[in-house]
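One structure follows; several queries about it will come next.
All chains are identified by letter, namely A, B, C, D, E and F, in their written order; residue positions are counted from 1 within each chain.
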Amino acid sequence: MSVVVRNPPRAQRAAVEGLSGFGVATVHEAQGRTGLLDPELRPVWQGARVAGTAVTVSVPPADNWMLHVAVEQCGEGDVLVVAPTSPSQAGYFGELLATSVAARGVRALVIDAGCRDVAELRAMGFPVWARHVCAFGTVKETVGDVNIPVVCGGQLIEPGDVVVADDDGVVRVPRLAAASVLAASRAREEREAALRARYEKGELGLDIHGMRGKLAAKGLTWVDHPDGTSGEQGAGAAS
Amino acid sequence: MSVVVRNPPRAQRAAVEGLSGFGVATVHEAQGRTGLLDPELRPVWQGARVAGTAVTVSVPPADNWMLHVAVEQCGEGDVLVVAPTSPSQAGYFGELLATSVAARGVRALVIDAGCRDVAELRAMGFPVWARHVCAFGTVKETVGDVNIPVVCGGQLIEPGDVVVADDDGVVRVPRLAAASVLAASRAREEREAALRARYEKGELGLDIHGMRGKLAAKGLTWVDHPDGTSGEQGAGAAS
Amino acid sequence: MSVVVRNPPRAQRAAVEGLSGFGVATVHEAQGRTGLLDPELRPVWQGARVAGTAVTVSVPPADNWMLHVAVEQCGEGDVLVVAPTSPSQAGYFGELLATSVAARGVRALVIDAGCRDVAELRAMGFPVWARHVCAFGTVKETVGDVNIPVVCGGQLIEPGDVVVADDDGVVRVPRLAAASVLAASRAREEREAALRARYEKGELGLDIHGMRGKLAAKGLTWVDHPDGTSGEQGAGAAS
Amino acid sequence: MSVVVRNPPRAQRAAVEGLSGFGVATVHEAQGRTGLLDPELRPVWQGARVAGTAVTVSVPPADNWMLHVAVEQCGEGDVLVVAPTSPSQAGYFGELLATSVAARGVRALVIDAGCRDVAELRAMGFPVWARHVCAFGTVKETVGDVNIPVVCGGQLIEPGDVVVADDDGVVRVPRLAAASVLAASRAREEREAALRARYEKGELGLDIHGMRGKLAAKGLTWVDHPDGTSGEQGAGAAS
Amino acid sequence: MSVVVRNPPRAQRAAVEGLSGFGVATVHEAQGRTGLLDPELRPVWQGARVAGTAVTVSVPPADNWMLHVAVEQCGEGDVLVVAPTSPSQAGYFGELLATSVAARGVRALVIDAGCRDVAELRAMGFPVWARHVCAFGTVKETVGDVNIPVVCGGQLIEPGDVVVADDDGVVRVPRLAAASVLAASRAREEREAALRARYEKGELGLDIHGMRGKLAAKGLTWVDHPDGTSGEQGAGAAS
Amino acid sequence: MSVVVRNPPRAQRAAVEGLSGFGVATVHEAQGRTGLLDPELRPVWQGARVAGTAVTVSVPPADNWMLHVAVEQCGEGDVLVVAPTSPSQAGYFGELLATSVAARGVRALVIDAGCRDVAELRAMGFPVWARHVCAFGTVKETVGDVNIPVVCGGQLIEPGDVVVADDDGVVRVPRLAAASVLAASRAREEREAALRARYEKGELGLDIHGMRGKLAAKGLTWVDHPDGTSGEQGAGAAS
C-alpha cells in the first residue's frame, strides 16, 4: 500500500521565488492567517529564510528509509517535508542526506521529528526546521510514502505546495494560491513600509489608525497615576 | 473597567542605568533571591543585556490592541512588560511595533506570550524575552489595561519597577528598591571579582571558604578509588 | 553516607583525544546506538565540541555545595557530569565556578539541571550542556557524592567514562570501550567520507546501497502523478 | 470567506454502530495504523467509549461562536470535532453547550483546545476528549467554518468521517472506509479472542507465533545468570 | 526577613459558603474573567469542589518547614495556598500534614509544586490541587513567610482572599469582592438555568441569542454539501 | 549482542511482600531518598499499590518484540520493567500481553514509554505505570535484551530488584537492600502512626518537634496583621 508519486505538479517557480523574499509572518497574514505549522517546529540554526516546493514524505517512527527514496523525486527549488506516522524524536536526517539532497538543489528540510548533525548543517548552510534535535538515528526497515498529502506540524501539506520558512517558523501556501498570496504579501509589505516610515518618525498607531474613538467606545479610560510625576523619568511618556 | 494609567512614578534613572551593568543572576542574588521571572521566558535572540523601567500591559488572549495603546505611555529607558489574561502562544509583537516603541526610546519587550519577526528584531538589535516564538498574529478587538500591576512570568510587576534581562532570563526589581539593589549588586560583584582572581590562580573554593570542616561535620568522607592510579590521566586530580 | 572518591581510573587520554574529533551522532552509532543522554540536555551556547573524562557529582536539589567539593577532584581533560537526586531547575553553575574548573583544565560541564551566566560562559568559551537555563541560584547546605556512578540524562555514567558532546547532544562512552569506540568511529567516518563524495556528485543512496529491490519486495510502488507535468518545475525530479 | 456546509454525507450508520463496539487501539490497527489523533488529546473523564460521525468546526483562538453555529448542523449519532486555527488553551465548551448538543443526539466532543465544567460533564455522562482542561472561557466575535476538512490532533478529518474514542485516545476512520474497517476490526478481534484464551492458559506468544527461530536468527541468545538460583523465587521463571 | 502574619482579615464567611456552591468556571466569568490560576494546577483526585479563605505560604524550593509553621495560622474554612520561590517538583505535602490541617478545619491545599500520598488523601477526602505529584519529599532547613501576598499559578493571592476550586481548576476572588462576586455568580447561574431548560428542549443558541444576523454580517454563509443527502444519516441535521 | 538472562537472583519474597504494604513515599524516605523514578511515569488507572521483583527489558523504539521474549522469564510476584533505548510514545503493551503475563503471576508493568488498552487493563485490575498512553502500536522487528541493568525513569534498575508503585509513582529498592528497607519502612510507619494520632487531636508539629526556637534562630518573626480581627472568621487561627 506504499507509493511514490512521481512528478506531482509544483507551484509556479516565479511565485515561489517571489515568496522567498517575505517572512513567514507576512505570508501567513497575507493568506488570511492560515497554514502556519506548529510553532514547536524550530530552525536548528538561526538566520535562514527559504521558500520552495514541497516534496512530501510519510515515514514510520524512527525509520528514515523513505528519505533515501524521496531524494530521487527532488529537484531544484524543492523543500523536503517529512511527517512521521507516529511521534518520534529520532534524528532522521543529518549531514550525509543533506549532501545528497543539496546536490539535487533542495533548499531545506521541514520535519515533524528529529534531526542531527546540527553543527555540520550550519557549516554547510543547509537549513532545517525540526521538532527535535536528537543524535539517535533511525533504521531502514519499513516503507512509507512519497508525495502523498501529509499532516506536518498540524497542517495538511500536498506535494507541490509552497513552503516558506524563517526564524519565526514555517507556513504552507497551497500550490494554486501561490501567485495570489505573493501578490497579497507584496501589498501587505508595501502598506507596512509606509507604516514603518511613520513609526520611525514617532507617529503613533493610535493616531495613524484612528483608534482612540473605538477604544473609548469599548470602555477604555485614561487616568493619571496618583503618585506620578511626569518629570521624574520618561518625559516622553507625558502626553 | 479598562484603564490606562498615565505617568506612573518610575525608578530613578541613575539606579536603572547602574543596574544595566549587572547580569540577571547577580541582581537576583543581590535582592535576596526574589523577583526572577519564569525561566521559560527566553530571549528570542541571544547576547543582549538591558535594564529599564516597566510599562506594564495586561492584554486579552491573542489580541494586541493594547500594545498600540501602550506605546503612547512609553518613554526613554522604558521596557514593555506584557502579560495576557489567559495563556496565548500568539505573536503579539513584531518588527513594526518594535519600530514604533524604539522611536520612543523603549529598550526591550518582556512578554509572557508569543513574539514574531525574530530575524528582523535581531537585525534591528531590539531585544525581546518571550515565552513563545509564533508567526500567528493577533486581533484588535478587546481592550485591556496599561500601567496596572500585572503578573508576568509568575512575578508581580508594577509600572515603574526596574526590569533587568539578559541571556539568563528576566528579573524584576521593585521601584523603590532600585538604589539599594544596585548597591548590593556592586558589593556582590566586587566580592566576586576578588574571588575570580583567586580561582583563576587555581585556588579552591574549599579552601577560600574554609568548607572542609563543615563538610566533614555533615558526614562527607574522602576515599581513594580501589582501582585508581593517579598517574593514568588527570594528574591534576591527585590531591 | 556521602563520599568523595579520589583518583578513579580514567579512560586513556589518547582515546579521549581521538574521540574529540568526532560528532556525537557518529560516536553514538559507532558504539551500537547506546549511551545517548536525553536530548533535552542542550548546549547553553552553540558551536562547541568536546570530549573528556567524567568527574561525576550527585547533588541534592537546588544545592551546589558538592560542585565546590568536586573541583579538587578534577584535572586536565575532565568533564564535570552533574546529576541532581531530584529534578531541579536551579542554576547550579555559573561564571565563577567555570573559572575555577577551567583553571584545572576542565573542558565542559554536563548537568541534568540548570545553569546560569550564559553570556559570560559564551564569552569565556566554556561549554555547558544543561536541561535548563535559570538565574535562580542554589544553597550550600547538604552534602552529596563525587565520583560515584550517576544517572544523568537517563544514562548511567561512571567516573572516568568518556563524555562526548556537541550541538547534537551528549553521549557517554564506557571507560574501557574508549579505544574500540574510537576505532569504530574512524571506520564509520571513512565510510561516510566515501559516501559523501558520491552524494556530492549526485549519486543516489537508492543506487549506492542497492535498495530498489528490497523496497519493491516490501511493497513499494512508483506511480506518476495524474496531473504531473515534469516540465512545470523541478526538472531534476524527472527520473 | 467563512462557510457552513449543510448535510455533508455521513458514514453509514450500521458501520458506525458496529465500530462503537471496538476500542481505539483495535480500530487503529485494523485500518493499517493510520488516523490516530495526537495522544495529548485525553478524555476529561475516563470510562467512555463512543463512535460517531464527525461534524467538523474550525474556530478562531479563544472564540467559541462557531460552536453555537455548529449545533444546528448536528444530528443523532454525530460527534463534534473542533480545531482552532491557532493553539488555544481556552475552555470552548462546557455544560450548557453539552446540554444543547446532547438534545440533538450528539455523542461526544473532540477538541484540540480546552474544555471546562468537567464535573458537570461527568455527571451528565457526556464524554469529551480535549487537549486542555481550562475554566477560562471564550468570546463570540469572529466567525469560522463548519463541515470543512479540519486538522485536529494532527489528523485530517472530513465531515461525515467516523470518529472512535475511548480511554486510549481518538482515531478517525474515513467515511467510505467505515464498513471495511469494521470488518477488519471484527476479524482482528476474533483472532485476539482466540489468542487471549491461549494466553490465559499460560501459552507463550513465543510458541504460538513460532518466534524462537526468528529471534535466534536476529542474534538473540539466552544465558543463565551467573548468580541465579531458580529456586529462590519466581519458580515460574525457570524454563 | 521572614515573617508570619497572624490574623489577617478573611473574606466574610457567608460569602465564602455561598461561593462553594458554584463552579470555578462560573465564578471566573462572574468576576470578569479574572483570577484563574494556571490550568496546570490540577486536582490530585477528582470530584471535589471547595471554597475557603486563603492562608498563604511562601516556601523555598524543596523545603516544607513553613507548612508546619502555617498550620498554626489556619482555622475553620481556610485553604492553604503554597507558592515556592523557585520551581520545585518535590512533594511538600502528604497525609500527615493533611491530618494536621484537617484537624483545624482546613478544607484543601492549593500548591504550585508537588504533593504526595495521593491514595491516602483520596481516602481521607482531603482535596489538593497541585502542579506535580511526586513522592520525593522535602527538607526543613530554610524559613519563608506565612500570610504575605504570593503569586501561585501565576495569580497574586493575598491572605484572606477566597479560593474556589473544582475539577476545572482554581480561581481566586479578592477578599473584599467576595459578596459581589457571589451575587454575580448567582445571577449568572439563574440565567444559565433558564438557558439550560431551553437547550434541553432543543432550542438553539442561534435563535435564543438572535445570532443569525450578526453572523451573516460578519460574512458567514450557509451552503449545501454538493454530495450531501440529508436522508443518509443525521436527519436532525437537516435544517 | 542481544541477550536474555535467565534466572537472575530475586529479592527475598518475604521482604517484597512486606514492602507491598507501604506507600512509595514511605519506602523512598526509608531508603534515604533514593531510587524514585521520574514522576512523569504515572499510573494509567489510579488506586493500585504493588511491590514485586523486576524483570527488566531493554527495547528498541516502537518495537515490543522483546516483551514477548520477556514473558517466559517472568514468574509469580514479578513486575515487568521496560526501558526503550530511545524515547518512544508508542503503546508497547495492551490487554493481550497483560493477559499473558498475568497468567504467569506478574503483578504490574512499569514502562518508560507508552501503554494502550487502558479501559481493559482497569477492568482486569492489571496496574501499569507509564510515561504515555498511546493507541499507536509497535512492530516486532528488532531484538533487545532481557534481565540486563536498565535505566527506567532515570533510575538504574537491575533484574531482581524490588519495585514498589502506587498513585504517587514508582520507587526501586536494590535487591540486597530489601530487608533493611522493609525494616526502615516499618520503623518510619510506626513513628508516623504516633504522630498521626497527635495531629488528629490538634497538636501542632511546631510543638511536637520543638521547632519554635530553631525557627526564631533562623530569623522568623511573628507579627499581627495590621487590619486583622481575629473574630471576623477563622477563630481557630487565633493563637
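Going forward, contacts are C-beta pairs under 8 Å (C-beta built on N, C-alpha and C of every residue); 3 or more make two chains touch, one makes a residue touch a chain.
Quantities reported herein were computed from a predicted structural model and do not represent experimental measurements.
Q: Return the chains common to the contact lists of chain C and chain F.
A: A, E
Q: Quote the value, from 0 to 180 degrees and to the nearest 5, of the angle by which the CA atoms of chain A must be rotated to coincide with those of chain D.
A: Roughly 180 degrees of rotation.
Q: So which chain is the furthest away from chain E, centre to centre on CA atoms?
A: Looking at centroid distances, C is the chain farthest away.
Q: Check the residue numbers that chain C and chain E use where they touch, and answer same if over half are used by both copies, otherwise different.
A: Same; most numbers are used by both chain C and chain E.
Q: On a C-alpha centroid basis, what's the spacing between chain B and chain D, in Å?
A: For chain B versus chain D, the centre distance works out to 42 Å.
Q: Just the number, please: Cα centre separation of chain B and chain F in whole Å.
A: Roughly 38 Å, centre to centre.
Q: Once you find the CA centre of chain E and the CA centre of chain F, what distance in Å lies between them?
A: The mean C-alpha positions of chain E and chain F differ by 28 Å.
Q: Which residues of chain E are in contact with two or more other chains?
A: 1, 33, 36, 39, 86-87, 89, 134, 136, 142
Q: Name the shape of the chain contact graph, picking from line, ring, star, complete and other.
A: Topology of touching chains reads as other, fitting no named class.
Q: Touching pairs of chains, which are they?
A: The list of touching pairs comes to A-B, A-C, A-D, A-F, B-C, B-D, B-E, C-E, C-F, D-E, D-F, E-F.
Q: Given the complex with chain D, which residues does chain E contribute to the contact?
A: 23-25, 28-29, 33, 36, 39, 42, 46-47, 49, 166-169, 171, 192, 195-196, 199-202, 204-206, 209, 211, 215, 218-225, 227-230, 232-239
Q: Using the touch definition up top, name the residues of chain C that touch chain B in the complex.
A: 1-13, 16, 45, 53, 55, 65, 68-69, 71-78, 89, 91, 94-97, 99-100, 103-105, 114, 116-120, 122, 132-137, 140, 142-143, 147, 159
Q: Which of the residues in chain D end up touching chain B in this complex?
A: On the chain D side, the touching residues are 60-62, 86-90, 134, 136, 139, 141-142.
Q: In their complex, what parts of chain A are in touch with chain D?
A: 1, 32-34, 36, 38-39, 85-87, 149, 151, 154-156
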